[in-house]
Structure formats: structure tokens, C-alpha cells
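Two complexes come next, and they have one chain in common, subunit A, joined by subunit B in the first and subunit C in the second.
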Partner chain A sequence: MTAPPVKPEPRSWTALVRGRAVAALPPDKLLPDTQPVYVASWIYVFGVLTIAALLAVLASGGILALEGPAWYHTSVVGHFANSLHLWSVELFFFFMVVHLWGKFFMAAWRGKRALTWITGALAFVGSVGTAFTGYLVQTNFDSQWISTQAKDGLNSVGFGAWFNVMNTGQMLLWHVLLLPLVLGVLVVLHVLLVRRHGVVPPFDAGDGSAANEAIDAVASR
Partner chain B sequence: MTLTASRRPAASRPSKASRRAEGQPWRGPTRPYDLVKEFVIATVVVGMLVVALAALFGSPDEKALTLQGWAKAAPADFVTTTVTELDGSSPTAGYGPPYNHAAGGQQLGPLPLARWIGGYRIPVDTAADFVLNPLSQLPATPPLTAALQQWRAASSTQQQNWATAYDTAIGKAPDSDPAKAAAGDYGPVPALANAELSLAQAGGLDGALGRNAGFYASDYTLSLLFLQDGSYLADTSATQHLSGNQWGMMNETGSFPGQAWLWLYTFWYQISPFNHSGNGDALVWAVMAVLVLAFTFVPFLPGIRSLPRRLGVHRLIWRDWYSRNT
Partner chain C sequence: MTTAGPALWLHQSAIINLNHPGHYLHWGIIQISLANLVVILVMVAVFLAALFLRFPGHGGRS
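Let's turn to the complex of A and B:
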């Protein structure tokens, strides 16, 4: 004998969240296997390249974190991991800037997509801050110079008292925990918003109905 | 196939209906698109690219300077800096918030943000923190004990007079070499400065300046401020093309790419009034804050948000679409 199915509690928070999440992003919208025909340019690849480079940044940073901030000074393997981290960051920014310009030229905020642009812009700014703290915790001459120079800008508006770039321990924790956490949330939010609202259509394409009608008209001749 | 979806030139103002339709789910023609496959290929390609670049070019790792290395390589600069910490004429001694009350800090117009937001959370007494406290931790020797006692017993005016007189004498000495300074009434200052030099040359000062040191240390504020007060750090950075007028922070040691994404922030420091104003840093931060806000809220900025339509680069991006729909 099998137990009768339990009816979900109508006021269950879990059911409410699941219902809203599925309504906002049903599986075929979250992971669609088709795209509008206009999604046919190399510029679209730079979004996914940025995410791929971010994964490389996280992976190489994770390797460095295994042995601590000073490891790469004395280990060949550590130095190579540091090189992986440097170049993945350089590629990450390159891809992200191309992606950003592409989206600007498309005016990708059109059609209720402003929040998608805003989360992307904040992710860019957050990435600059995260990379900056990375340069501060290299524990070499470069970090000595950058920290002593950067403190003046931060102190001039009072931030340096709270975000002390010469406190290596503080900067290390910002670099490996706080800023990546914020950046991770922004990136996930950005990608979910892209999936929810879809890729912005070309100017004057509307929702594509007219194109469909035109196709039908051509087919019926 | 020739479609006729577009009804108006892309440079003209879009109708309300057209703008509303842009926010609707796409009802037009679609094509197969394998997102997961694209992601996997991108990850593999980027991974291979990263490994290739790392293997080909590596990464820079210029050794950190040490106070010991500074004291050995440029003892005259080291001693001079020590004296300026005692007489209060070093950059740190006269900095203001968040380190001390010697200056008001930079202002943004009438707003003293440095004081309001930062306050004095990182107090630094250059004479005590950089010189007297480290020397007090040394094993007592009669000359050092006498010098410290003489300094502490004197009034602050007397201390200032001794240190300033010695600082001036060094400035007038050949090559600004403390060893060639004329004789004078400098009190215990030369003895203290030389003891500091000996301590640093032996490697003891590097550890002694660790803030909250105890057994573990992770805060290098004092060491870095002291290092920056001398010329040694700036001279070394100039040889690495890292000075402020060389686009400083965005560069990396050697020939490696640095933080190119800081070009706009660094740019302001190259031009007037930012490069000579006493509030230059605060002004740069204000300009960057405005620009970052503008960048974030481009969708709501009249004129800027219409720019892409007028520039026409979208015609290149969507050339297939427009070739079939115009």
C-alpha cells in the first residue's frame, strides 16, 4: 500500500518561492535551445567568453589560495599558477570590455532591460575593485608601490580609514571573499536577467511578429 | 528570403508601440542555438588560451623592498627620513586624517570628507611609532639609553629644535650626507638616527614596525608609510615606469600588462587641475563617482541612451537581420 500524496501547504514559503521562480524562469526560458534569428554575430560570443574567463580566474585563484599568498614567490608551480591567474584576469577584462561595448552599441537596455545593464555595469565596477585588491596582495614590490599610491585617493574622501590598502590581511580577505561574493551575486543576477528578458532585438524589429507575417506572406505567394 | 519587418530607418526616433514591443517575448523567426555547447567550447578555448599565455609570458614578481635593504643601499636617505619623522616634517607626519591632526585632509569643495567619513581611525605618531618605540625594544646600551632618556626628558619645543636643526644641517651637507653634516646642537637626534640605521641594517626594523604585531602580523601600514617617506621607494618605482606622471598604478613592473582598466582613473592625474590641486585626489574621486553613476544609469540618460541608434554600429552587428528586413 502506498501512502496518499501529501498536498502542499497552500501558504508554504517554499511553494511560493518555487512557484515564482518557475513562473519567472521556466526551464525552456532558463536554458533555451533556440534563439531569435538576429542572434547571429561574433559579438554575442563575448558574454560567454567573459564567464569562461571568470571561471579561469576563480580556478587559478583557488589554486593560489591552497598554499597562501607568499607561495608563488618560492615555488615554480606556484609561479605558474600566478601566471594563470594574471592572464585569466587580463582576458576576463578584455572579453568583458568588448561585451560591454557591444551591448552599448545595441542599446541593450531597451525593452525593460535596464536592470540587466545596471547589474552588468556594477559587475564591471566590482571587477575593477576585485582586481585592484589582487594587485595589493601580491606581496611584492608592485603591491608596495600600488598600496602607497592608492591610499591617497581613498584617504582624500575618507574611505582609506575603513578600507586600508596597506593592511595586507584586510585586503587579502576582501580579495578572496567579500568582493568575489558580491561579484558572484551580480554575475548570476545579470545572467538570470538576460535569460528572463531574452536578447534585445534589433532597432525597429519589435517583437518579431511583423517578420513572421512577412515570412508567411512570402510563403503564400 | 526577403522580409519586410522594418518600417522605419533605424536612426529615427522609435514609436511608443515599437518600444513596447521590444520588451515582449520574441515572436519572430528563431534558429537553433546550443547554449551549453557554446559554454563548454568557450571554457575549453579560454582555458587553453590562459595556459598558453601563462606558459609563454609568465608573470612578474619583483621582490618587495625591505627596510633593511633601504638602510644598506641608501643610508643617507634612510637617516634623513628618520630625522624628518622626529621633527615632524615627513609626509606622514604632516598628512592629516586618517593618521594624525597635523592637517585637515583634502576637501571636496566645502566638504571635508576625509575628516567626516574617515576621521582618525589609524593614528600614527611618526616619532614614537617609527623611531622611539622600535629603539626602546633594543637591548639597552649606555649610549642608546642616554639618548632616549635625553629625548624624553626634553620639552617638545626642545625636541623640535634639535631635530629641525639636524635636518637643516643634513640638507646643507655635501650630497645631503648626514655623515658630513656640520657640528651643532642636535641633542640626541644623531644618536637616535644612527641607532635606527643600525637596527634597520641588522634587519630588526622590518619586524618592529608591524602594526598590532604580536606574534602574527598582517598589517604593513607603518612599514609602508615609513618606506614611502624616503626617496628610495619612489626612485625604485621611477626605474620601473610606475610614477604617477608615468600613468603609475595602471602599469606593472617589467613589460607586463597591468591594470589597463584603470586608464580613466589614472588619466585625470595627468591633466590640470587634478595634477596640481591640493585637493586633486578628492577631485579625481568626485569625477570618477559621477562617471561611474552615469555609466551605470546610461539607460536613463537622455542623449546618451539614444547615441547607439545614431552611431549605427548596430547595423554592422545585425547586418544579416537588416539585409533581410529593409
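Let's turn to the complex of A and C:
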């Protein structure tokens, strides 16, 4: 005698998580193929440019981590990879600041987008911290100078005992593991929230709910 | 190749020679490097351009 097929438990945590995830972010909202007409503006491009630069930062940083300082200090290709990492970070901050200015002057927290704004602000602060620890792990005279200057400031506010900028090993792990992990989670959350609530509209287009409803209607046909 | 080789090569081939102390501007209590000021001005210019330049294909989507 064979046992009857087991039906999924409707109250299992996997079913609940799946139901809530699909309700919050249905596939056509997660990967939309249409956008409101006001998105056809250069100011809306800087968010995705920031993400593109971040991917270049992660890729070039991964190469530096694989090969190590003895390579990127002494070989031409290593110098090139090191410069790719530096300049992708420069572009990352450049695009992120223009994105921030654009969203600030649009009051991008309108229309239940407060959490989108907060995750973006936290990602900005986290990026600054990641960049600062990057300066500390260059393993050159510049990083020695910066660490000896930074330690006084951090000691004066009581952080120096557990966040020691003169400990290269500790700063290296913050730079290549802890801070990128936090930053990665924040960026993914930020993008998911943008997908959930839609991009913020200009002031004269309301809070964007009408445009989002129109897109939902088109997608559901 | 010696360790000095690539560094020497880079300094000689750079478009702008950065192998010297930076230039700083002073205005009262404000001090800023010329390089940082240039980057900030370029960011402002790009921001304004993004606001006022027409986006390609504008009006073609709904």
C-alpha cells in the first residue's frame, strides 16, 4: 500500500515566506519591462550607473585579493588592476553623489519610500567606511600616514580599543569581508525597495501611485 | 624586472604627472585640494547636465 501524496503544509514557514515574497514583489514588478514616462531623464540613470561602478569595484577588488600586494605593487598588470580598483571607486562615489543630489531634490522619500531613502543613506555611509578602510590597507606609506592620523581621532571617541586602524589585518578583514557584506545587503534591499514602490516621480506627477497602477494594469493583461 | 621598473614606467607614461605634492586652495578656515575642487565642480556640471539635457527617445515610452 502506497502512502497518499503529501500536500504542502499551507502554514509552513516556506509557504508563508513564498506567499509574502511573491505578493510584495511579483515577477513583473521585480523585473519590469516598462517604466513611467518621467523615467526618460538622465537624472534617473545615476542609480544604475552607481551599481555598475560597484560591480567594477567588486571585480577589481576580487582580482587584487587573489593576487595580493606583492603583485599589485610590483608588476605593470598589478598596477593596472590596482588603478582599476581606485578609479572604479572614484566613479562609484561620483555617480552615487549625483544620484543622492537628484533624489534629495525630488524628496525621494515621498509615497511610502522612507525605507528606500534610509537604506540608500546607510549604503552611502557604509561606502564611506569601506573606502576609508581601503585607504588603510594599501600597504604603502600613504596607508601608514593615514592610519597614524586616524587613530587619534578614533581613540578620542573611544573606538580605538576594538577598531584599531593600525592593525592592518583587522582593517583588511573589515575592508574585504565585513563592510562589503553589509554594503551588499543594503544595496540589494535598496534595489528591492525601489522595485517594490517604483522610482520616485517628479513633484508634478503626484506620488507615482497612479503611474505604478497603470504599469500593473498593463502587466496583468 | 626590478620593483622600481613598473613605477618608473607609470610615472613616465602618465598623462598628468602626479608625482609631486598636491596643490591646495585656502579661503579663511576652508582648505581644499585643487583636485577635489575640480571633481566637485565636475559633479555639479554633470548634475545640471542630467537635469537639462534631453534624454534620447524621450516620449517614446508610456
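Some points to look at:
Rule of thumb we're sticking to: the second predicted complex is superposed on the first by the 197 of 221 C-alpha atoms of A that agree within 3 Å, B and C clash if a C-alpha of one lies under 4 Å from a C-alpha of the other, contacts with A are read in each partner's own complex, and residues count from 1 in each chain.
Note that in this section a residue touches a chain if its C-beta (ideal position, glycine included) is under 8 Å from a C-beta of that chain, and two chains touch if they have at least 3 such contacts.
Computed from a predicted structure; not experimentally measured.
By the document's definition of touching, of the two partners only subunit B reaches A:Ile51; subunit C does not. Taking subunit B and subunit C in turn and counting the residues of subunit A each one touches, the greater count comes from B. Once chain A of one complex is fitted onto chain A of the other, the partner contacts of A:Val98 are limited to subunit C, with no touch recorded for subunit B. Within the superposed three-chain model, A:Thr148 lies in touch with subunit B and out of touch with subunit C [touch as defined at top]. Look at A:Gly19: by the touch rule set out above, it reaches neither subunit B nor subunit C. Within the superposed three-chain model, A:Val76 lies in touch with subunit C and out of touch with subunit B [touch as defined at top]. When the shared chain is aligned, subunit B comes close enough to touch A:Trp117, but subunit C does not.
Of the two partner chains, neither subunit B nor subunit C is touched by A:Gly68. In the superposition on chain A, contact is made by A:Ser41 with both subunit B and subunit C.
Touch criterion met: A:Asp33 reaches subunit B, while subunit C stays clear of it.
In the superposition on the C-alpha atoms of chain A, the part of subunit A touched by subunit B in one complex and by subunit C in the other spans residues 34-35, 37, 39-41, 43, 45, 73, 79, 90, 97, 102. Interface residues of subunit C facing subunit A in the complex, by the touch rule stated above, are 1, 3, 6-7, 9-10, 39, 42-43, 46-47, 49-51, 53, 55, 57-62. Looking at the complex, you find that subunit A touches subunit B at residues 31-41, 43, 45, 48-49, 51-53, 55-56, 60, 72-73, 79-80, 82-88, 90-91, 93, 97, 102, 104-107, 109-114, 117-118, 121-122, 125, 127-128, 131-132, 135, 138-150, 152-153, 155-162, 164, 166-170, 172, 197-198, 200-212, 214-215, 218. If you check the complex, the residues on subunit B that touch subunit A are 1-8, 10, 14, 17-19, 21-36, 38-39, 42-43, 45-47, 49-51, 53-55, 57-65, 95, 97-98, 105-106, 108, 113-122, 211, 218-221, 224-225, 227-228, 233, 236-237, 240, 242, 244, 248-249, 252-253, 256-262, 279, 281-282, 284-286, 292, 295-300, 305, 308-309, 311, 313-314, 317-322, 325. On the side of subunit A, the complex with subunit C involves touching residues 34-35, 37, 39-43, 45-46, 73-76, 78-79, 90, 94, 97-98, 101-102.
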